[in-house]
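What follows is a group of structures, each given as structure tokens.
Both complexes below contain chain A, partnered by chain B and then by chain C.
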Partner chain A sequence: MAANMFRQCPDSGLFFHKSAESLMKAHAVFGVVYLLLGGFLGLLVALTRMPSLHILNAEDFYLALSIHGTAILIFWIIFFEMAVLYFASSTLLRSRPATPGIGWVGFLLMVIGSTLVMVAFFRGNSSVMFTSYVPMPAEPIFYLGLILFAVGALIGCFIFLATLVVAKQEKTYDGSIPLVTFGALTATIIAIFTIASGAVILIPTWLWSLGFISHIDPLMYRTVWWALGHSSQQINVAAHVSIWYAIAAIIFGAKPMSEKVSRTAFLLYILFLQLASAHHILADPGVSSTWKVFNTSYAMYLAVLASMVHGLTVPGCIEVAQRKKGFNNGLFEWLKKAPWANPVFSAMFISLIIFGFIGGITGVVMGTEQINLIIHNTIFVPGHFHATVAVGTTMAFMAITYFLIPVLFRRQLIWPNACKWQPYLFGGGMLILSLFLLGAGTLGVPRRHWDINFSDAALQFQFAGTAITMMGIAGLGGFLAAMGGALFCLIAVGSLVFGKRLDPGASLFSSFGFPMAASCYNIERPGKLGLAPVEQTGDGGIQAKGTFVLALVFLAAFVVYFFINAKYLSSIWPMG
Partner chain B sequence: MSILPPSQKIWWKEPIHGIEMMWIIIALIWCLVLFAWMPYWHVYGKQNLSNESYKTAPEVFEGKANAMAKAHTVRTDPKSNIPVVHPPAGSDVYMLGRLWQWWPILELEKDKTYRLHLSSLDWQHGFSLQPTNINLQILPGYETVVTITPDQSGEFAVVCNEFCGVGHHTMLGKIYVK
Partner chain C sequence: MQRNEHQESNQEEEPVPGMQQLLDNPFMLLFLGVLFPTVFYILWGIMEIISIPAVK
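Then we have the complex of A and B:
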């Protein structure tokens, strides 16, 4: 017990515990492997949906799309989230992680589970998409793989909770847990609910695929499955909002505008999204409008309110910090003078803006019961979630990776110039992709569809020329984004392998838990984590005026876009 | 610093920034408007989701669609061999989804109201009426009844927009409005 297990990062001052550090590295590296695989298949999907290229055949396209969705939405994101949980508990609280051995069991289950799912995909009989709607069957190992992966992730969640208990008992910090850890705690609570929902539906579906159960009701499947599928996106939101706060603190020393507001907003995520699966069955039979209207909004949209609050307080706390440093002219000097060439900041800020303006607004609009009629299952939906997940979550994870490579992996980033513009390439490409998918979806183009020219169909239909053009431009955006994503993977992996070691003499590359040079770990137990310093000047006088103006612009865009869609809805055939 | 414990131990008694409070109030009002719009549209809007649906079985639904087609077929589409059915204005009309077609082809009259029954005989399908852009999820075992009033004439396509296997992109139906 008395062994020296901690080291302090000389750059950031953060304390890393040896076993937590190895777990973080292993999860993050596996996440990037799935990002690489899923991203490559995403490129093939984008180029196939470009009507002029159409590179894959139908069977390969549906296979590639199934893998793309699963590898990115589930495997990349959850592997990385596990790393974030170890970081937010052990590192931020200066605590040893609870039961690291069991942490490795969880990690192994995630590796085995995700591998089984990939095996099922590549055998070719499980191209059922990420959603695997019954009664379309996949092979039993597909469901089994997902279940094992979920159990592994659940273990990670409980270790996070146990680490909070350890830190509390061993009094490693003073006062309350930091806001970032609080956000991660929110993500964990949602994750436990989410994974439990997944188990409730995937275990019977697995038994069905083995022939032990004769029938799974498709509506029940959709209702329960989306408690996994939708809430898991809320894990992402809680996780990436926490990362936004973390980066605001790391880069600017920003202090939350008010702890109370930010923490309450996180709490609202837990309280008001539990039946969020309702958003996905708005166009389904068998569920009443009353149920749909109530369960998508709880009459107040408080989960939306929570995101709108974070959307103000994250840039707001950056603005206050910048103004204190003297960037106090006009409305936006604080933003102009932000470190736009630092990928940790630029990736985080692009994540914030596109998540809010594109992802947030379109999400609420399509989640409105009646407006869903003109959007359900069109390519508008992928347009929305590429703004939320591919930009919002993935770019936040990219941003923190740029910070963690030197701090956690102790490697210098290779290609500093490429690092500067990678966020713009990826974010710009994804922005084009999102906007044009949203446009094409508004014109009715279906999602998950190999050929919108219907060349092999017995009947004929021609989409508007504009829709076809938009799909072409979206494909181009997808190509740019894929290049940006590939560049990120090259930088991340390249830095781990070829980056200059930051601690001379130490054997540091150990992504799979091999012991690192003992000399790094010379601290038995770090000193107690104290309270954040009290602001000397007081910030009563400094207001985040620029952020407030941005927020009003956001609100105006939201209102206008909502009513444009309501107007569009009023133009379709009367129905009821 | 969001990565450190709050500087005040009693952080829940700290005052809230003025603009934060103002934004919370504005955002909450907008959230309430968003909610209120949905019940409002149920009362005053003309495009709402159907609340009528029944449990059914594939054979039963197929029987009803066959009976309608038998009574009202006016011709057969030469290329697809799917019957074109012209049911009486205002009647109950049926369209079924199966791998990979929408059956039969319907011929409706403009500005007449129909009760359109939809179901799937096998996997999940998506009823996407183009170019007017109405999108509904169609599940096996569930019969959706939508009361629709085509107010445009012309040729409309029913695209399947729920992935249903390798022939998904060939699943196209037709509705003619005269």
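Then we have the complex of A and C:
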């Protein structure tokens, strides 16, 4: 007789497999460790880039910037995404995970790899930043660490695919996989391309650092590396959009307005999202405009279309669900009556709005070859990706963490009032940071620059007072965001350690990856996941009128901002 | 996630549309998701770079 390996959460009804939930917990906890480390160093970077404070010397600044970028953009995000993959496959499909033992091997490789990278950083000879452009050398263990981490993540991706096969063979569900799992599949596919690209460029670079290869062409490196560097952020997009759909279902019982449309939008991500990597090469002379324009305009716009579809359908399905509950007055009663004090919802909705309005619009502006010239390599770029990754992805991950601490870890959240305010503190700080970095970048302030006052430079340059002021305000935003991030880490770790047990079997060790008490697992095999209900087609009118108005506001902002930048380009580079 | 536990699945057999067959096939999606960026971004980009004449 097979052993009982599943438990059912009494609050959510979700089924957790013993092995899969341990893997989820271990990956998520390690992700939060890197969020804490990367966030702290991000605070130091922000305070150094405030011209009035400028707290770090140049050497420490580049060390802090290197760790901040790598810990947040790679380690926090991908550790957490692995947890999402186990959740979206094993838990949502009610299936045992495929080869959990190999899953632990993958996790171990990720831990060893990320530790090696951190050792290389702290030894002080590998402050090459997230991009690690050649011919700037890092120690061999830096590249080796990244390669080991990538292999570990690749193992997690293939276990996700294998779990889909197991679930299908063992008939744990009817019909197609759920939309959230389909979104996770999209993230997995992008991750596999991303990691393969990383192997193509990082293995030769590792051999170069060991002296076995004499030369790596910088343009070749940049082109292939960005298939890793930018696509890794596209894994995030697919993952956090999946979490938006999941939270809409969890909080509101919302069903996708159209499964077909949402899945087709994910298909557009699969086909075209990675091609947007080319916008990093737009100012490089070695590749043609045809390559640049095809990848960043024609192809990228199809991926942007997909994001706009998700940006419409996620709030749209929430509105439809709210209206069914009676919140029908006017255009926005459904939104006013949303649970704004519940951090699962508020963090998710802030993620959605700022990702779309700030990250999305500025991303398209950056991806336009001509307009890109006025902001390329300026601090506009970090302004953009703090809206997409720090708010879009990180806040979505924070939102699902608030849901998972009671459901997966079986611990009650500590400090309920702080939980209510944390998304606003972090999101508000990041919004200020992003907006003022975008403004300063438009005025030409460079990214990655230790001292824009050029105090010890042979050639002096004075930025406009407006730009200096904007950098100061951005630093304040960074400070607020760091406080919000620190509060999140305190709440998350504090809840795992001190939170009230919601299940007697939820020991301290079980908060960090060990299984709960054996008595918790009392189900041999969960019931089959049934077909999704047939979509409600409505009465033929617009069901989500408020969302439609929000979409029109978004499009107006998009058009206005695009033409402001085109006008600005014409003024600094007049024709005729 | 909000699936109907008890919904009957004894609907009449209908041919599955081609698009749904594609979306239900993770390995075909994986193939396409690796093929498109490999061809349009990496291979095309590398071909352009290696076709730059070397300095004499």
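In this section, the second predicted complex is superposed on the first by the 550 of 576 C-alpha atoms of A that agree within 3 Å, B and C clash if a C-alpha of one lies under 4 Å from a C-alpha of the other, contacts with A are read in each partner's own complex, and residues count from 1 in each chain.
One rule holds for everything that comes next: a residue touches a chain if its C-beta (ideal position, glycine included) is under 8 Å from a C-beta of that chain, and two chains touch if they have at least 3 such contacts.
Note that the structure is predicted; figures quoted are calculated from it, not measured.
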item: Partner chain(s) touched by A:178 [first = chain B, second = chain C, both, neither]; value: both
item: Touching partner for A:189 - first (chain B), second (chain C), both, neither; value: second
item: Chain B versus chain C as contact partner of A:304, first or second or both or neither; value: first
item: Partner chain in contact with A:161 - chain B first, chain C second, else both or neither; value: second
item: Touched partner set for A:11, first chain B, second chain C, both or neither; value: neither
item: First, second, both or neither for A:524, with chain B first and chain C second; value: neither
item: Which partner, chain B or chain C, touches more chain A residues; value: B
item: Partner chain(s) touched by A:272 [first = chain B, second = chain C, both, neither]; value: second
item: Which of chain B and chain C A:217 touches, first, second, both or neither; value: both
item: Chain B and chain C footprints on chain A, overlapping residues; value: 92, 174-178, 180, 217, 219, 246, 249-250, 253, 255, 260, 281, 286, 288, 299, 529-533
item: Chain C partner contacts - residues on chain A that touch it in the complex; value: 14, 92, 161, 164, 174-178, 180, 182, 185-186, 188-190, 192-193, 196-197, 200, 217, 219-220, 223-224, 227, 231, 246, 249-250, 253, 255, 260, 263-264, 267, 270-272, 274-275, 277-278, 281, 286-288, 291, 294-295, 299, 527, 529-533
item: Interface residues, chain B side, partner chain A - complex; value: 1-9, 11-12, 14-20, 22-24, 26-28, 30-32, 34-35, 37-39, 41-42, 45-51, 53, 55, 77, 79-82, 101, 105, 122-124, 126, 128-144, 146-152, 157, 159-166, 168-174
item: Touch list for chain A against partner chain B, complex; value: 58-59, 62, 92, 127, 129, 133, 135-136, 173-180, 217-219, 222, 245-246, 248-250, 253-262, 281-286, 288-289, 292-293, 297, 299-302, 304-305, 308-309, 312-313, 316-317, 364, 368-370, 372-378, 442-444, 446-452, 454, 456-461, 463-464, 529-535, 543-545, 547-548, 551, 555, 558-559, 562, 566, 569-570, 572-576
item: List of chain C residues in touch with chain A within their complex; value: 1-7, 9, 19-20, 22-24, 26-27, 29-30, 32-34, 36-38, 40-42, 44-46, 48-49, 52
